[in-house]
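Structure, as structure tokens:
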Amino acid sequence: MLIYQQEVELDTEGHGHMQNLTKLMEELVRKSGVHRGLCSIFNQGSTAAIGAVEFEPGLEKDFPAFLDRLVPPGAGYQHKNNWHDDNGHSHIQASLMGPSLTVPVKDGALALGTYQHIVHLECDIKARKRAIMVTIMGE
Amino acid sequence: MLIYQQEVELDTEGHGHMQNLTKLMEELVRKSGVHRGLCSIFNQGSTAAIGAVEFEPGLEKDFPAFLDRLVPPGAGYQHKNNWHDDNGHSHIQASLMGPSLTVPVKDGALALGTYQHIVHLECDIKARKRAIMVTIMGE
Amino acid sequence: MLIYQQEVELDTEGHGHMQNLTKLMEELVRKSGVHRGLCSIFNQGSTAAIGAVEFEPGLEKDFPAFLDRLVPPGAGYQHKNNWHDDNGHSHIQASLMGPSLTVPVKDGALALGTYQHIVHLECDIKARKRAIMVTIMGE
């Protein structure tokens, strides 16, 4: 049984910035030596999310735009009263999407669909430096 | 430590078709020989989701209907401009729900609540053949 | 390879009651003896959720309030017709959030962000006794 763990640093450009992590995760799976098992990708922090989205220029705009309609910026969140932070919507968007994704590893590669990508979504209101913890377990 | 991995094929009947995978997953857990550990269920593809829903005729309608109110079909998604695809809402619904679920295995069975079921939800606009990757790890 | 599994009982106070499970999960990770691996937290039952939210008094109100705007109580769910249950919205809120979270374990502790907490959210319409299954795997 193998366990491989790697922290990855990621620079984001601010609210709604979506990045395709698939290639990087494939590389880490190769490095791990795991042929069959699971790969967990986890964003450390409460205002960004990890998800599975087809990464193409249309959805790259559609998905963050949808979240902004669903959880609009500046709509009277109590979070502001307590912290004087204008990112109440960032917290709710990120919590709704979730910080993590678990993807199966098969034949030494991620068992994703052809147009299925692992993405990081910045929900906070400014550019951030993010830490992503990747854990790959299997044989 | 045991790792069991099995790809399952699933036929769906089109948008909003929800299927109860619980019985099939219970069978795979028995086959795996794992008594204690985790079972990961993952939909390969970006327009369908795996989730936990009480599978009964009311919620079978309520849940897809809710997603269609939240992310309506044909509401000007950029995805269409790039791909001439009318399934922008399918992508967003599936990404919001997520492609995967991890369920604990205890005493050789899934540790679910009595009315808690593992479901597959087709979000695409037509019937599809789906590949579900099941990975069970433990002892 | 170590596998540690522990069922935790939790009393909730009714709809929208959010509880911070982080400290308890940190304790279980210590007990497990796992230094590197994954910790899965799973709510057994279809009307409560596990998620990652910054646990502070503002978001403690904002997050359940957001879910009630998104999936309002008493808005004509079919679930009621079949079961005479007034908790159709509870099911949809819990299924949308999901029953589980997987968090990496590093150096014998949960690899969370500073303001990132593991929370349990009661979505049902009354106080409940909940069973949470915690599974920690690694070395």
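General observations
Going by the order they are written in, the chains are A, B and C; count residues from 1 in each one.
Basically, a contact is a pair of C-beta atoms (placed from the backbone, for glycine too) under 8 Å apart; a residue touches a chain by one contact, two chains touch by 3 or more.
Since this is a predicted model, take the numbers as computed values, not measurements.
Contact topology of the protein chains: fully connected, every pair of chains touching. After Cα superposition, the angle needed to carry chain B onto chain C is 120 degrees, rounded to a multiple of 5. Residue numbering shows that chain A and chain C use the same positions for less than half of their mutual interface. Between the CA-based centres of chain A and chain C the separation comes to 19 Å, rounded to the whole angstrom. Counting partner chains per residue, chain A has residues 1, 38, 70, 96, 98, 102, 137 touching two or more of them. Within the complex formed with chain C, the residues of chain A that make contact are 1, 3, 5, 38, 40, 42-46, 70-71, 77-83, 88, 91-92, 95-96, 98-100, 102, 131, 133, 135, 137. Chain B contributes residues 1, 36-38, 51-54, 56-59, 61-63, 66, 70, 96-98, 101-104, 106, 111-113, 115-117, 137-139 to its touches with chain C in the complex.
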